[in-house]
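Scrolling down, you'll hit the structures one after another.
After this come two complexes, each holding chain A, first together with chain B and then together with chain C.
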Partner chain A sequence: MNHAFGATAVAVVSVLTIGIGIWGLRFSRTTSDFFVASRTVRPALNATAIGGEYLSAASFLGVAGLVLTYGAGMLWYPVGWTAGYLVLLTLVAAPLRRSGAYTLPDFAQARLRSKQVRVATSALVVAIGWLYLIPQLKGAGFTLNLATGLDNRLGGLVVAVVVLVNVVTGGMRSVTFVQAFQYWLKLTALLVPAVFLLMVWFGDGATSPADAVFDLPGRSGWADPLSGLGAHPMYTTYSIIVATFLGTMGLPHVVVRFYTNPDGRAARRTTLVVLGLLGLFYVLPPVYGALGRMYAGDLVGAGTADTVVVELPTRMVGGTGGELLAALLVAGAFAAFLSTSSGLTIAVAGVLSQDVLGRRFGGIASFRLGACIGVGVAYVFAVLAEDVGVATAVGLAFAVAASTFCPLLVLGIWWRRLTDVGAIAGLVVGGLTSGSAVVRTFVATEDSGWFSTLMAQPALWTVPLAFTAMVVGSLLTPDRRPPHVTRFMVRLHTPEAVGVDRG
Partner chain B sequence: MATTLGASLGRVFRRSHLGTEADRATFRTLHEASLAGPALREGLTEASAERSIRHLRSLLGAPVVALTDTQRVLAWDGPGAHHSDQVAALARSTEATQVAGPSQLGCHLVSCPVQHVVVSPLVVDELVVGHMVVGTPYPTAGLVRATDEVAAWVSGQLDLAELDASRRRLVEAEVRALRAQISPHFVYNSLGAIASFVRTDPERARDLLLEFADFTRYTFRRQGDFTTLAEELRSIEQYLLLEQARYGERLRVVLRIAPEVLPVQVPFLSLQPLVENAVKHGLEGREEGGTITVVASDLDRECEICIEDDGVGEDPDVVRRALAGTGDSVGLANVDERLRHAFGDEYGLVVETNVGAGTRVVVRVPKYAEGLHP
Partner chain C sequence: MVERVRVTSPRTTSARRRTPPSAAGEIDAQSQVGEVYLRSLLRTQLRLGLTVLLTLAVLVGGLPLAFRLLPGVTGTRVLGMPLAWGLLGFVVYPTLLLLGWWYVRAAERNEAAFTDVVDPGRRDP
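And now, the complex of A and B:
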């Protein structure tokens, strides 16, 4: 594509994001037009901000690439990434808000009154944050490569630096309005080109992508629900479902947004709106994947299927129009990297500065150092793990979150007998099993045995294992139940309108 | 052989580390006293008596010990509890340590150890608040002496409890004073300002009266030590509206509030005194008036609230004294103490000021604090 257009798009998005980060929304108000109560963040706005922070490179680019390469079976990813909020809505959203916790370690400490559980959850927040940052930087690398001709690694470095500048200068303000803007930018960037592409497709006779001729061995049955899921499609499907449905609640940068809601009811409403917004967004990436099947099938062979979203406009529309649409997509993709990476970096840096560096350095200094370490380590891993696909890495991050934080949250909220020993047992078992699967996927070459399948999609066995460890560990140590548990449960589960003593 | 060796080794070990028999008796005594102390320092109640009495009994080495207040028995350790009514009556009439014998107790049970009782008063601030009663089959001079001494020690602990309680009452009184601190001047001036609008702008006068009613209701609220930042800011806003009605153009107000931090929990009335100070300092001795700026910003895990005026400022030493509680500004020291108490010492007030340079007060509040309930 035209590098000038691409570079401009990237520059505009970067400057806008950093500029808004630094200067913020610094308009002031006088008392006459200011009413605090009317300014709490409304569920709709907060939901849009969650959407903006949540929709990452994997959603923007990865899903289309997966659908193009492997077929309909991959639709479980967008479905799961949306439905995760359904589980969050029914089981977690309102009680988590009522607990008063800001981060996941806060919740663990409030529920179990244990410093050790706090340390364990903090470590996991950092691990999941890194795992999720790696694909963001990788995706940014090859998008920049496509847009500006920059080397992959250099592109990743550019994004890492932009994120760091953003977080260090002004990013500590998690400005809701900016994140909400990012959602609409991403949606527009995907929607407008899709309309043009579909018009071209209609003009070409609207043939079914399933019939597209493109020569690759073992890629028949593209429209088959179990297509492209490896040697054990049924297991893989259910494992993806478990990981994505249960992993969403364990994403550190999403959880902190719930604190902005004034109460549990607003938290629930927010989640409901998020479901709608994500449902709307996730219609689009598969469209690109399906169109790519007809117009950009060669990308699969070249191993660059993740770029299909950006490639399509130049191929299908062509000319300056196509270039402009491609530049819009690049801008959207770049917004996706920046917003998600910034949110994750803040989460990681927060943990590092509070629980690791805080004692040695002052508040702001330790936060900045934490941000540098957070992004630096993620970048190194992104360079080392070049062969791992964007969506695969994100999928693994979800699997780890589902195997650790999901049991902690669900049992912590709904089961009175959970103890600190049980929680640590579950976190260790879930973390080690899913973590070893991550390591194995990052270093091993592909093969199709059962062991390899279990390691590539670990959630279906690691999640039940973690739940079991947590339950058994708790039942074995009944004397370690925190004394305040009944009072805490009352606080979590009583609607704010009911006048009970929550103290 | 091995047992003998072990025993003699044990003796050597004990002797070298824990001293002579007499030393060890002293240590035991001190240890029991240290165990009984914490409960007694909560004051003389049924719960504290229950928790300390076991240690008091082993301190005295007596078969039965009881603690009473001025009316009834609070706790009884050992057999013979059927004497508790007699003991309570006896205690009510006791002013100094005395011994009562079988003639007053009249116990026919041979196994009952309460044939005699030693009753010793517990005195706090020259007032008898209760008694320590020791039951024994035969009283000795040593036991009477010991009872007397232990009762004096318990009285000392109760004295400390009284001290703790009065310190707590002092802090509570300060908060209450703050709550009731709407100064008469403020009420008078606000009502005066509102009155001036009644004819010229009745609509505004009505609005201001409603704000005034809301503001006083919030300030006099009784329950809860904590509130949300949103509510606290709402009351500040009303306060500033009323002050603006009085000062007109002279008082300019800028509020810049990040909506993300509105749900944060802050101590009740922790910001309002600071804003009041800012208004006072910002306008003092300045004909052209001044600007008050209130900024609340989101710092990830914390929230920062800045209250700033561009007025005459203050000598830093005066502020330092005020924060230490020795100056005449109760408000500042009280807010500082309550913030530190709720969130820890690193969350104290930060005041930046100098003569002629305006004043800036910075409050930091964590979004989540352990043990603090929303």
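And now, the complex of A and C:
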């Protein structure tokens, strides 16, 4: 594509992002503003910010690439990424807000009164945050390469720097405005070109992508929902469902957002709006994947299917119009990297500053230092992990979150008999099993045996294991139940309007 | 002139009218009555959440089974694409939104009922 247009798109998004961040600074004064926007963000704005933060490179580029390559089975990813918010809404949203904690480690410590659980939770937040940041920076690298001709590594660095400037200057309060803006930018950037592309497709006779002439070797059942999922499609499908439905609640940047709601009721309403906003967005990426089947099938063979979203306008519309649409898509993709990376950086920085740096630096200074460390380490990993797909790494982050924080949150909120020993047992079992699956997927070569299938999509067995370990560990140590648990349950579950002692 | 003297009794020996302890007080004291209130709220909300999730499991979690068992139905072409695409790519999202809306309404109603019982007059406007 035209590099001048691409570079302009990237520059405009960067300037707007930093500009809105600086404008938001006027509202950002206290430490509480930095971490949780002083908990005064109304549902509609907060939901848009959550949507903007959540829709990452994997959603904007990855889904279309997966659908183009593997077919209908990949539609489960966007479905699961949305349904995860329904699970979060029903089990976690309001109690999590009412717990009054800043971060996941704060929640764990308040619920279980244990320093060890706090340490384990903090380590996991940082690990999941990095696992999720790596593909964002990598995706940014290859998108910038495509759009501007910039070297892959430089592209990642550009995103890292813009994110740091944004987070370090404004914190949570100003990032809320930036991310709300980025949701609408991403939706527009995907919707407008899609309309033009569909018009071209109708003009070309509207052949169904399911009947596309060229079939790639070994991918004959592209339109079949159980194809493209490896040797054991039923297992893989249900494992994706478990990982995405249950993993959403455990993603550090998602959880942090819930503390910015004014109260439990607002937290629920926010989540409901998020469900609508995500559904609206996720209708679009599969359209690109399916059209890519007709117009850009060669990308699969070239191993660059993730770029299909940006490639289509130049191929289908062509001319200056096509270049402009492509630039719009680059802008949207760049917004996706920036918003998700900012959210993850805030979550990681929050934990690093509170648990590692806080004592020495304190307040906002340690938050800023934490942000620099968080992004810096992720960038180094992104440069080192050369060839891991964007959606693969994101999928594994979901599996780890589902195997660790999902049991901790669900049992911590609804089960009074949870103890610190049980929680640590569950976190260790879930973290080690899903973590070893991550390591194996990063280093091993592809094969189709059962072991390989189990490791590629671990959630279906690691999540039940983690739950079991947490329950059994707690039942074996009944004397370690925290004495304040009933008071804490009152705080989690009673509406704020009721005048009771919340501890 | 006879001075008027008011004759009264402080009734110190009579039984004092006790105000019944409020439900909120019972919860604060973690008495057995308070425990009943808290447990009933927790159970109602958990049952509601699990009902919604069970519906989700049947409706959406049942799709892969349907794809496997009824390929003829899910493979039917709608607007040129197999039905499975329409279900996963479009129909699923309004369904999720409806389930969420159902949950939020019912959960707020449960909380309003709890507030009415435990702390009348403090209900959210």
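As a convention for this text, the second predicted complex is superposed on the first by the 468 of 503 C-alpha atoms of A that agree within 3 Å, B and C clash if a C-alpha of one lies under 4 Å from a C-alpha of the other, contacts with A are read in each partner's own complex, and residues count from 1 in each chain.
In the analysis below, contacts are C-beta pairs under 8 Å (C-beta built on N, C-alpha and C of every residue); 3 or more make two chains touch, one makes a residue touch a chain.
Since the structure is predicted, the reported quantities are computational estimates derived from the model, not experimental observations.
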(request) For A:I346, decide between first (touching chain B), second (touching chain C), both and neither. (result) first
(request) Counting touched residues of chain A, say whether chain B or chain C comes out ahead. (result) C
(message) Output check: A:P262 vs chain B and chain C. Expected answer is one of first, second, both, neither. What do you get?
(response) first
(message) For A:L91, using the defined touch cut-off, is the partner it touches chain B, chain C, both, or neither? Pick first, second, both or neither.
(response) second
(request) Considering only touches as defined above, state whether A:Q354 meets chain B (first), chain C (second), both or neither. (result) first
(request) Tell me which partner A:W414 touches in the superposition: chain B (first), chain C (second), both or neither. (result) second
(request) Check the residue A:Y102 against both partner chains and state whether it touches chain B (first), chain C (second), both, or neither. (result) first
(request) Using the touch definition from the top, say if A:V383 reaches chain B (first), chain C (second), both or neither. (result) neither
(request) Have a look at where A:V500 lands relative to chain B and chain C in the superposition and call it first, second, both or neither. (result) second
(message) Is A:R491 touching anything from chain B or chain C once the two structures are fitted on A? First, second, both or neither.
(response) first
(request) Please identify the positions on chain A that touch both chain B and chain C, taking each partner from its own complex. (result) none
(message) Under the definition above, what is the set of chain A residues touching chain C in their complex?
(response) 72, 75-76, 79, 82-83, 85-87, 89-91, 94, 206-210, 223-226, 234, 237-238, 241, 265, 268-269, 271-272, 275-276, 278-280, 282-283, 286, 290, 414, 486-487, 489-490, 493-495, 497-501
(request) Would you pull the chain C residues touching chain A in the complex into a rising list? (result) 24, 27-28, 30, 35, 38, 41-42, 45-46, 48-50, 52-53, 56, 60-61, 63-64, 67-68, 71, 74-75, 77, 80-82, 84-85, 88-90, 92-94, 96-97, 99-101, 103-104, 107-108, 111-112, 114-115, 118-119, 122-124
(message) Can you tell me which positions in chain A touch chain B when the two form their complex?
(response) 26, 28-31, 34-37, 39-41, 98, 100-103, 106, 109-110, 172-176, 259-262, 346, 350, 354, 367, 491, 502-503
(request) Under the touch definition given earlier, write down the residues of chain B that touch chain A in their complex. (result) 228, 230, 233-234, 237, 240-241, 244, 252-260, 262-263, 265, 297-301, 367-368, 370, 372-374
